[in-house]
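Listed below are the structures to be examined.
Consider the two complexes below, in which subunit A is the common component and subunit B and subunit C are the respective partners.
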Partner chain A sequence: MTKRVTRRELLTMLAATGTSATVLNASAALGMIPDTRLGIPEIPRADPINRPSIVILGAGISGLTAAYELDKAGYDCVVLEAAPKAGGRCLTVRHGDLIDEVGNPQICDFDDEPHMYFNAGPARIPSSHRNLMHYCKALGVELEIFINENKECYYQDDAMFKGKPIKNRVFTTNARGFMAEIMAKNFNNDELERPFDRYEAEALISAMRAFGDLDADELYKGSFRAGYAKGGFIDHGEQTEVVALHELLKSRFMNSALTANEGETGPVLFQPVGGMDKIVQGFARELRNKIYYDVVVTSVQLQDNGVAIEYQHNGIKYLVEADYCFNCIPTHLMTGIDNNFPADYQEAMHHVRRGEAYKSAFQTKTRFWEKDDIYGGITWTNQPIRQIWYPPHGLFKEKGVILAAYDFGGGMHFTRLSQEERLETAIRQGEKVHSDYRQQVEKGITIAWHRMNHMLGCAARWSSSFGGMSAREERLYHTLQAPAGGRHYTIGDQVSLHTAWQESAILSAHWAIGDMVKRMGGTSSMPGRRV
Partner chain B sequence: MIKSIVRILLAMAVLHSGLAVAQQYNQVVQGSQSLANKVCVTCHGANGKGNPVVGAPRLAEIEPWYLRKQLQAFRGEFRGTQKDYIPGFEMQDSVARMSDEEIEAVVAYIGTWHSNENPPSIAGNATRGSELYLACAACHGVNGEGNEALAAPGLARKDDWYLYRQLKLFQSGYRGSHPEDLSGRTMRTGIANIENDQDINDVLTYINGL
Partner chain C sequence: MTKRVTRRELLTMLAATGTSATVLNASAALGMIPDTRLGIPEIPRADPINRPSIVILGAGISGLTAAYELDKAGYDCVVLEAAPKAGGRCLTVRHGDLIDEVGNPQICDFDDEPHMYFNAGPARIPSSHRNLMHYCKALGVELEIFINENKECYYQDDAMFKGKPIKNRVFTTNARGFMAEIMAKNFNNDELERPFDRYEAEALISAMRAFGDLDADELYKGSFRAGYAKGGFIDHGEQTEVVALHELLKSRFMNSALTANEGETGPVLFQPVGGMDKIVQGFARELRNKIYYDVVVTSVQLQDNGVAIEYQHNGIKYLVEADYCFNCIPTHLMTGIDNNFPADYQEAMHHVRRGEAYKSAFQTKTRFWEKDDIYGGITWTNQPIRQIWYPPHGLFKEKGVILAAYDFGGGMHFTRLSQEERLETAIRQGEKVHSDYRQQVEKGITIAWHRMNHMLGCAARWSSSFGGMSAREERLYHTLQAPAGGRHYTIGDQVSLHTAWQESAILSAHWAIGDMVKRMGGTSSMPGRRV
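Showing the complex of A and B:
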């Protein structure tokens, strides 16, 4: 039998790890959000008589950003894209769309309605991502609120309550109550009072009481914050039952449930009305006929004063020479394309590993979650599906599209399965949260980013350890960021320290443009050259 | 544009409900590019130059008979059924739905590909490797030129990282274990003298010099 630890012993344990006071400091550091000041570089207007030429490889968010900015400044831009459509991983799937997974092509048969879409790649825009927000505004992309945490959603963990799901409000209220009680009770001890004066100590205890909804004796006896078992409006409310702390401690969600809206998901989150690819469509509209599709790039060669690119289209070979190249082809695919990049640049391209993220979605017969007071938000489970997302849009409509699985970790669990197995597994695991799940879902799609044609991977991974980048990785990162031969820029979220976000892709393009402008130095904004 | 094609195809699918998604897909993607350019190059690289980062071997200048045989082996589940060897099962999935005609078309198209050899990545003892290679030469030829009659592919000018992986797969039984894979089973018994990584590195260093 496990030895019981008293509260006193627990406090000693915390102190031994340097916690009790530092916990308070540490919490401030929790929501670390990278700085994303508006990064659009000032680009001198190009000489209209002798326009510098730019070939952009890949119509992902970074390629589109580079093309949009440089085209606006008068540069001669073309975008070469391998797929028949733009966007890269910024992919929204709707009725009739092809999901181009190598070996498992699917055509989406969701109902043909504006709200019946699925953002298979990025799906959230934090308000702090100012550059992406800027482009949404500039391109006329209408935004609506995205709901990330919703107290009405569930936590389901096979390890607690025998696998029965509990509402987020029940989990978090109880977890906070127990934690506050432990803190407050012990804080009365002289030993703990020492660093604080009496008023500070009272203020802190009062805050803890409020944090955990404790009674006057600093005891947690349940809280209406966890919801009403019944009543509360016309009749007296009845509290939901207090759940046992020991039960909550069985779940790893104790580590994350209280920080659900920290960091990147702390700011207000948005989604474009009608799908994330409205951003792509906005860029493509501005770039009109400058994007060429179905292009297979076969060679990228640095030259003395530019870059030569060979490609094929409709079985015909072409050569295009340009002053500069901005390349957002994933590095793990660029290693399969002939090039004469320097050895250290090659080393960097070979080092980056490809991400394995997986998502799937179901069209549902009814919006069954709305009957459970759920309108948007995320349910968490310890099963491989990890999450269920409920759409914050299309409220009260007959049907909806829910995210049925999102494996954002390193696992290839779903990717290894057949399409039928993937969908069946998602149903079986979803049933643990919603008992009528199987009856509710009707059409499913899956997106295994590791296998998507022209991409073969999700967000790039630079660091081979959880401890962060090694000195070698840091060196390789800066090597890949700098232009090969002063002319070829690798761009995309793959050349950022915060991969998987569109903001990173944009900032990477901005960085490359800024560097190019600096290198061009004497570029005059007047036509012709100085004589 | 592609969406309208898909819509037409979906409309057709309602009329002919037997039309599989794979067929629709092929019709869509073959509209502008050959199947090989649409599907093979993503992993195997432009002109089949190979891409070790995604575990895809060089296809340029591969013997057509060997390529055909391997495509059939993947399709027939002689190869690539182990889900923990990702490049193999990805390949198996990719060719599982291919028809004989498509395999022929792909083999013919890949026959037009040329690419430079990739630099060696393995450094071992070539002298020791030459002794180990004696057992290989019986089927693969003294110059690593291969022998179709014995179903033994050429080894000279093949990427060493790829040969390394294949030797490991044969050693572990991931290749050459299927009861009907006769040449694969022969290969497994034929490499009995290659026991460890040092042996593999030495023999591949010798092959790199052929």
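Showing the complex of A and C:
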């Protein structure tokens, strides 16, 4: 039997919810996100015998994007990269690869197999990131689905159940059940007047019931959504036991259990088959001989009609002059390179802070998680490792590579430790989730992004990600975005309001190209010049 | 600022939620679903010169499972199949395939490409279905991830927004926001006493806020979870407009928006690369020459120590006698075949009702959904087509095959129509979601499972799926499960409490084999017999 709500309750409720913000009504367009996000600028054809020249500093995703688009439009492009390989933070680690952490260099010793890799930087492509999706298609990068949330993974919190891990489905089902019970009880607790708009009230109650799998009395008494304790196919199923709300509340994972698959991990996610750097390899393939590696930039000087860059390679100094410079060197490193940028531009570069982030990974002797019904996804723990990621690929193969720690909110806990201590800590913490973890893992690697050579920091941190920018920061952001001297563009996700995503790096390159094209007049020029 | 709850409120709440069922406390084991679900029975080695003989009727998933396991253990097996191919309802339709619907036969005209197929029966493998996963691995069936829920897909309801489709993320975000607002408001509306157990109260409020993305005043004012109206990367993002709760309540999709990824679609889902019938092909490969097609069974007679089966093939009658019979012919067809089963067994066979289910599919000229950020997943509509499924595979290819209707709750709306009307109706209804649908789709096929030859029904329907079985139905279920005359086993998902899943078909075969082994004494016999 459906309980009733009164006119007063419902009016109050609808009024309140209806006026808490401008609302969209039946007549308005909706859900139609403007198709503006595929932002590749139209670049007018360059004069083939008088090509504009572009020096691109850094072969990160934004530098590669700029080079790829400008090269395609007939510009003379060169990419100068400090490291011996392209990609920047888009780094995939495989057998034999060097992890160039300052003071802690490592050579990866994973088995030499296509599925045995570790995406040390970005690892997920939200399908709504249209520009990145576009380049994957254009560059022939094969994609496969990535699993982020998996109800078969665990929540482990030392404060809850004496530290025992609990399956996500058990945690989530019980959290939802009790939340819905509280919601439904309160919704019905004041029957003052005769019922009103029965349809709407019933729809609400029905939604609460559905959300929590409540019984007809709006009580949560457990749910098969948490899994069968036993049976369910040939015999009648038995429910898993109900978990006490006060136990769940000991953990801070209530929030994540109720917000899985929101935000950037809401859309379908992809990963390139074989590793995220397949994107880098795709760009590099197209750019053929235009990327120069092991280049140390020593000076960037704005000139009247261009930019002059000094660099060293194998101990020899070079000078290259170009019409424009696109620069994705992290600003906190760029400030240490000789330059003649205006004071406000330098102020902006100095302002940008960098995040710390730490990841580590193990090769595993077996795919032990699959015996526990886990195929991809993330286990959450309140320990410093924070997460364990299981690979969504390599199903039915013998081994795999798991992410064994991902500290994205500081990363300093592990950074202080020796390599040996880092790995031992990851093992000890992993054992709280998987009792045979120590026997299963081997050949660990670790990466502290804030100590990686040529990088010394993870994503830039604008306050946009933390609740709004001050007027000063707004000014600095736009100063850094605009070209210094009309000729030097700082690019990369560091010049975006949504840092740490490859899409942002790409869009910053698109923005800079679009701005440059506008400044150049925006139309294709005929060969030669007007006389 | 966090609002406060009172001691009274919290105690009431915790007591209520704590006592609504037996709850699991910190000391109890949890989340550890017993590892009993991988149910392959141990089959003692058969005497190689005096092999038990088994006739298996029907090459559906349960029949194939039984044949595979018994053949492997050294039994003499033969599978008699009425259709010209194996699989039963595990049917994948490709270029040139016959859809053998009585009165409406069709030949599929899709392009002849590996990714252009339609799983007309089962299409999803929950990763928690351990036995099916086991056979995929054992049979070398390559799996890829299937996408069920996708926030980029649509809800379309004629009652809501004048029938305009709305993106799942917009619907869901607003539904959650308002639900959380109602929840949080009611939770806080009665501050009588001094605050108590601040930590728990704050955790609850925090969870409500997280669930709905409420602001600090516990109001829902829209959320970026619904997507950006514009910007968000290089410029500050603008929120999509808030949708009025009373508009959402016009639709019955509130419930599905709040319960996505629950139940059987909660775990990670897989599909075989190239079509679900790769599983069937895997079994058939292992069984080599033991499956006979186009066989019409005309009589099944229990004998003192076995079963005698009469059948016809190419107009010629045959008789085969075996020690045991495993029979996955749908019971409602089996009752029409001459037999000498006991009365209670016949009563049980007569009792089982069959569902109706209707599906249809189109080849598409382009992958138009991908331009709309949709990669896999389901669009829901209140029209008779109910669902549109977009393929999770074939990314970046030119065309695809979409499911254009899935009426699993009756299927009679379309069944009545001519083939031409069925397809025209699907197009007209699809146009409400995708305005260029008519231009995009071609070469439609339709399947009414309750009219398919050799089948004439979809999954069996025990009341277990609809809120419990009566004592009589329990008796009938166990009668049908037990072997008639100790020698004839009815198998298939039809003898399970969770019909319509391949896992159930497999488990029913395992159960029957296990029972037979027990009856045979359960130990390996030496060659010959004791003298």
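Quick note on the criterion: the second predicted complex is superposed on the first by the 479 of 531 C-alpha atoms of A that agree within 3 Å, B and C clash if a C-alpha of one lies under 4 Å from a C-alpha of the other, contacts with A are read in each partner's own complex, and residues count from 1 in each chain.
FYI, contacts are C-beta pairs under 8 Å (C-beta built on N, C-alpha and C of every residue); 3 or more make two chains touch, one makes a residue touch a chain.
All values reported here derive from a predicted model rather than from experimental measurement.
In the superposition on chain A, contact of A:508 is made with subunit C only, not with subunit B. In the superposition on chain A, contact of A:397 is made with neither subunit B nor subunit C. Once the two complexes are laid over each other on the shared chain, residue contacts for A:413 go to neither subunit B nor subunit C.
Shared-chain residue A:220: touches subunit C; no touch with subunit B. Using the contact criterion defined above for the overlaid structures, shared-chain residue A:332 touches subunit B, although it does not reach subunit C. Between subunit B and subunit C, the partner in contact with more residues of subunit A is C.
In the superposition on chain A, contact is made by A:154 with subunit C only, not with subunit B. When the shared chain is aligned, subunit C comes close enough to touch A:208, but subunit B does not. Under the contact criterion defined above, no residue of subunit A touches both subunit B in one complex and subunit C in the other. If you check the complex, the residues on subunit C that touch subunit A are 13-14, 16-18, 20-31, 33-34, 36-37, 127-128, 130, 136-137, 142-145, 147, 150-152, 154, 160-162, 164-167, 169-171, 175, 178-179, 181-183, 185-187, 189, 199-200, 203-204, 206-208, 210-211, 213, 219-222, 224-225, 227-230, 232-237, 240-247, 249, 252, 254-256, 258-259, 261-263, 266-268, 270, 373, 375-377, 392, 395-396, 464, 481, 495-498, 501, 503-504, 507-508, 511. Within the complex formed with subunit A, the residues of subunit B that make contact are 1-3, 6-7, 9-10, 21-22, 24-25, 28-29, 32-34, 37-39, 41-47, 49-54, 56, 83, 86, 89-90, 92-97, 115-116.
Against subunit B, the residues of subunit A that register as touching in their complex are 82, 84-85, 96-98, 100, 102-107, 109, 294, 296-299, 312-315, 331-333, 335-338, 349-350, 354, 412, 416, 451, 453-454, 456.
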